[in-house]
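Look for subunit A in each of the two complexes below; its partner is subunit B in the first and subunit C in the second.
Right after this comes the complex of A and B.
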C-alpha cells in the first residue's frame, strides 16, 4: 500500500533561481508560448491585436514613440547628471566645468541630455502636427488632444527651466529675456515674474526655483500625464484610422487586417528606439553642448536672445506692442489649439493625411502664401512701416498693436473668405488652411529670430553677422 | 512576401544600430582620457583669457603692462610667485596685503572680483603668458599712459624755491613726481583711478584730515597708507603742497611723452576706425584733402607726439572743422587711431599730395557697397529657393483646387 515514491532530487540553487524568474516555468509547447505572450506586461500598454494600417511608418512616423524614448533618455541622463550638480549660483557653473574636464563620460551625458531635450521639442511639435493633419483629435480623442497640448507646454517649461542650470552667459541671458516676455501679462505679469524668478532679476533664487521645477515638479507631471495619455490612446480605440479609404474612391468600408502586437508592433518599436538611441549617441559624441563663460549680470551680450523655441515670440515683440505680440496673439493661438476638437466635429476622414484632396491643396496653398508673405512683412516692418512715427499722438497699444494686427488679419480673413466661396471649402478644410498659414508664419518668424537677428536685434544676413 | 522582406530589413537595421552603439561606446572610452585632459586645458585657456582682461582692467595700472611691476610695486612675471600655492595666491589677491598698496579684491572683502574671478587671476599668475597679456592690455586701451615717475620742469621748480617755505614745496613736488603722479596725474589733476589733488575742494580740508589720509590711506580704495614709505615730515610737506597747490604754476609736474603701445590688432582696428571716421576729410591714406590737412607726412608726424595726437583727436581743434572725438569713442579706439597714424611715420613722404575731388557724396559710396553686399550669391540662392518653393506650393495647390 505504502509504495514509496522515488525521492525526487532536490533542485540546485541555480535551478530554483531560474524557475522563480519565470514563475510559470519556461513553456515547452506552442500553447504555453502563446499564453506567455498573452500574459506579457506589454499588453497592459498595447492591445493584443492592432490594425495592419496603423503599423505603417509613413502614417505616424513613430513620433509619439520617439517622444517617449527621448523622455526615457532624458530621465536616465538627468539622474546621472544630478550626481555632479549643485544648484548654487557660481558653483553650478564650476560643476559643469568639472563634469567636462574631470568626469569620464560626463560631457557625453550632458551632450545626450542637451540634444535629446532639444530634439524632444521638435518631435513633440511634429507629433502635434501629425495628429492635427490626420484629424486624430476628433471625438472620441478630444481629451487626449488636450493632454498632449498640456504635455507640450510642460516639455517647453522643462527645457526652459533646464536652460538656466549650467549658469553660463547663454543660460543667464536667455532666461532673462524669456522671463521678461512673461512680465508683459497684464495685471499679474510683474508679480508672476517675481514669483518665478524668486526676486526682481535672475539670481541664485531663480536657479534653485528652476532646479526644483526641472528635476521634480515638471518630470512628475509629465510622467503622470504621459501614462494617462498612453492609456487614453488604447481606450480611444488605438490609433486613428479612416472609416472609408478616401472620398475619391468608392467609399466602401476597408477590410482591416489585424496583426498581433507581439511581435509585429513590439519589434518595430524596439528597433526604432535602438536606432534613434544609436543616432543620438553618435551625434552627442561628435557635437558638444554649448557652454559659454560664467554668468555675468553686468555684461549683457548683444543681441540677448531667448531660447531658440521662443525666438518666434521674441520676433513678434519687434513687430507688435508687447501686449499684442507676446500675450494676445500667442494666447489666442494656444486657446485655439486647445479648443480645436470642440469646433471641428466632423468625424469624416479621420486618419487620412490632409483629410481630403481639397484639404491637401489648401494646405500647400497656405504654406506657399505664408512662405512669401511672412518674410515680406518682416522686411516691410523693418524698413518701411513706422506706425508709432506716423501716428505719434495715438497710444502705442493702438498704433503699434491693434493696427498692425488688423493689417495682417484682414488679408487672412479675405483669403479664408475666398477659399470658402471659390472652392466650397468646409469648416475642417478652412481650419487646416488657417492653421497651416499661422504655423508656417510662426516657423519663419522663429528662423528669422534665430538666424537673421544681430546686434540691437537688427536684421543681418547670417554670414554677415558681426561677431562683437 | 513583402512582409518578410520588410521584417528582415527591420532586423538588419536593429542589428546594425546595436552594433553601432557598442562600437561607438567602445571607441569613445578609448579617447575619453585624452578628451578629459584636453577639456581641462581648454577651460584653463578660457579662464586665462578672462584673467587677462581682468588684469588689464584692474591690475595693469600698478603692476605694469605685462606684469613687470612699476616702481615699488612688485613684478608678477616672477618664477617665485609661480611656486606659491594657489591657496596663498588666492588669499593675497582676495584679502590684499596689509601695509602695502595692494587692496582686497574679493567681493566678500569689499572689492570688485568674485571668487571665480580671483581664481582666474591666480591661474594667470601661475600659468599666464605675459606677452599675450601685454597685447590684451594695449588692445583694451588700458595701458598705463603715465609712468610711475616723472621729472619736475627745472625752470618752474627753481621759481618755486623763491616762494615762502619754498624748500618744503620743492621736497613735496619731488616726492609727488616720484610716488604719486602715476595715480593722481600730472600737476595733481587726477586720473581715472585717483581723484585730483590740485582742487579747491581738497584745499579746503584741514591739515589734520589730509595728514591722516596720507598716513593711513583710505579704506576701500587704492589709496594706501604711506607711513612706512614716507617720514612724518615728508608727509606734512605733502599736506602743505596739497593745501597750497594754487600757488604752483601748471606744468611743474608735466606728463612726459609716453609713446602709445600698439599691437597688430590695435593697428588693424585703428585702420578701420580711420577709414570709417577720418578718411572723408583726411583722405583714405591720410594724404589730406582740401577739407583737412595731410597727416601722412613727415613734417606732422615728427613734430607731434602720441600724447599730442591723442589730445587733438580727443578734444578737437577749436575754430576748425576738426571735431572732438573723445565723447564718441572709447579710449581704446582713440589710442588705436593714434597708433595707426603713428605707424605711417617710417614711410611718410616729406611733402603730401592731397587728393582732390574723389569719391562723390558719401551716400553714393555707401550705397554701392551695400548693393554689392546684398547681391551676394548666397542671398540670390536663398531668395531663389524661397520664391521657387513658395511658387511651386501655390501653383500645385491652386491647380489641384481648380481641377475639380
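Right after this comes the complex of A and C.
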C-alpha cells in the first residue's frame, strides 16, 4: 500500500446536476444578478433594473401578470382535458360525465379550467380599467392598448367557444342564442352564421368548428399577441410611472430610485403567482363547474340565458331591436375603446389615478348617475314604454331600435354638455366621464340579466325567483 | 447626368405588380379556406322532404309538433295546412305551442306568435318561418331544405288537400 491521499469530498450526483443547471448559483451581488437577467431567456422579459415606484401593489395590482398566470393554468389544464374528451355529439357530454366521476382528479382539472377561464375575463377587464384610469394607454403606449383589446376579444371568443364543448343544455342554448345575434349583421349575417355553425342550427358540425377554434386557433393567437404585448411594455420604456395627484399638480420633478429586478420584482411576481394558484386550487376543490342535462334541441329551457359575460348584451336585446342592441351599440362602443388612444392625446397626467381632482369627482358623479339612471330606464322600458305597441305600423327597426336609441343618447349628449359647461371639464375629463357612465351602465345591465331575470325573461327580485 | 425618371417609374411599376399579385394571392388563399369551411350538407332527416303523416291525422284547428323535422303542422279551422319551423325568429330558441293559451310562447325572451305564426308580442322581428307543404296521395309532405322567411300572413301560404 502506498501513501493514502486524504479523501477529497466528492459532490453528490444531485449537487453535480444542480451545478450544471446554474453553474454559479444566484449571484450575491447586484452586478451578477443583473447579468443573470440579461443572460436568462426567461428572465430577460424584464429589464435589469426597474423604478421602485412601479413595484407598488396599488398601481398595477399585478393584474396583467395575473392574466398571464391564468393563461398558463388554462393551457396546462386544457391540454390534459383533451385526453378525456371527444368533440362529437353526444359523446362529448358522456365524456364529461365520465371525467367527473371516473377519472382521477378529472373533476378538479375541469373545475380549475372552468374557474380560471371565468376569472381571466374579470382580470383582463380590471387590467383594462386600471390602464384606462391611469391614462397609461397614451402615447407611446397606443399600440399596446390595441394589442390588449385584441387579446380581450380573443379571451371572450375562447370562453364562448369553450362554453359549447360540454354539450349540455346550458351550452346548447347559450350558443344558439349567441350565434343568432350574428345573423342580424346586414347582408352577410345569415351566410356567416351558417359558416360558423357548419349548418342551419347548432349541431355536431358546430361542435367540431368550435373545438378547433378553442384548442388551436385562439390560444395560439393569444400566446403570440401576449409575447408581443410584453415586449412592447419594455420597448415603451417599461411601465408608466405612478404619481400621486399632489405630485402631478405641483409638476415637480420626481426622483426615481432604480432597484435590481432580482430579487425585488421576481420575488414579488413569484409570491403573487403562487398565492393565486393556491387560491384557485382551493376554490376549484370546493365549487364544481356547472353541468346540466344533455343538449336537447327540441326543448329550450326557461329562461335560456347567455354566458354571464354576455348577460349585459342579452339585457340590451330585451330593450332594442337586435341590429341596434347587439350590433350597432356594442360595435360603436368597442370601436370607441380601440380608438381611445387616438383622440385623447394629452400626455400630462399619465400614471395618475383618475388623472386630476376634477377627473376623480367626475368619475364618481358618472358612476352615481348611471347607478340610478340605468335601473330606472330598465324599469321604465319594461313596464311603461311600448314603442312597438304605440307605432304598430312602423318597422320594428325604427320603433324598437332607433327611437329607444335616441331616448338614451340624447340625455348622454346633454350630460356631456353640462359637464363641459358647468365643470369646465377638458377632453380628457369628459372622456373619463362618458366612459365611466357607459361602463357602469353595462355592469348594471349585466347584473340585472344575471340576478333579476327569471322565467320568460321577466323581472323578479333575486330572493323571489321562481325555481322553474 | 441621366434623367432618373424612367428608372423610378419602372420601380413603381414593379412595386405595383408585386402589390397586385400579393393581393390576388391573399384573396385566393382566403377564398380557399372559406370554401373549405362551407357547411357540409348532410343527407339526414332534417333538410330533406319529410312525410308528416296522413291528412286525416290532423283534425281541423290543431297544432302538432314533429320534433325530428323541427316543425309544426298547423291545420286551420277551414282545413288548410301550414308547416311552421319551430325556431324562434328572434334568437333561435325552440318555440313550444301553449295549448291553453292557444299561442306559441318563446321561453327565451317571451316573444308570442298566433296560430299562423304571426308576431303578437315582440321582440321577434318577423313571423315564424314556413316550410313548403304539398299533399301527395293523401299524405302531408314537408320540404325542410329551406325555411321560407316572410313578413306577413297571406292566404297563398295555406295549402288545401
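We adopt the following convention: the second predicted complex is superposed on the first by the 421 of 468 C-alpha atoms of A that agree within 3 Å, B and C clash if a C-alpha of one lies under 4 Å from a C-alpha of the other, contacts with A are read in each partner's own complex, and residues count from 1 in each chain.
Note that in this section a contact is a pair of C-beta atoms (placed from the backbone, for glycine too) under 8 Å apart; a residue touches a chain by one contact, two chains touch by 3 or more.
Source: prediction; values computed, not measured.
In the superposition on chain A, A:452 contacts neither subunit B nor subunit C.
By the touch criterion stated above, A:197 is placed in contact with subunit C alone, subunit B being left untouched.
Touch criterion not met for A:61: it reaches neither subunit B nor subunit C. Once chain A of one complex is fitted onto chain A of the other, the partner contacts of A:302 are limited to subunit C, with no touch recorded for subunit B. Greater residue coverage of subunit A by touch, when subunit B is weighed against subunit C, goes to B.
By the touch criterion defined above, A:180 lies against subunit C but remains apart from subunit B after alignment on the C-alpha atoms of chain A. Of the two partner chains placed around the shared chain by superposition, neither subunit B nor subunit C is touched by A:283.
In the superposition on chain A, A:205 makes contact with subunit C only, not with subunit B. Subunit A meets subunit B in the complex at residues 90, 93-94, 97, 100-105, 107-108, 267-268, 270-271, 274-275, 277-279, 281-282, 285, 293-294, 357-358, 360-369, 371-372, 375, 422-423, 461, 463-464.
Across the interface of their complex, subunit A is touched by residues 34, 37-40, 42, 46-47, 65, 67, 70, 86-87, 90-96, 105-110, 122-123, 125, 147 of subunit C. By the touch criterion stated above, subunit A contacts subunit C in their complex at residues 173, 176-177, 179-181, 194-195, 197-201, 205, 209, 297-304, 317-318, 321-322, 388, 396-397, 400, 455-458.
Only residues 7, 10-11, 13-14, 17-18, 20-21, 24-25, 28-29, 32-33, 35-36, 39-40, 42-43, 46, 50, 114-116, 373, 376, 378-379, 386-387, 389-398, 400-401, 404 of subunit B touch subunit A when the two sit together in their complex.
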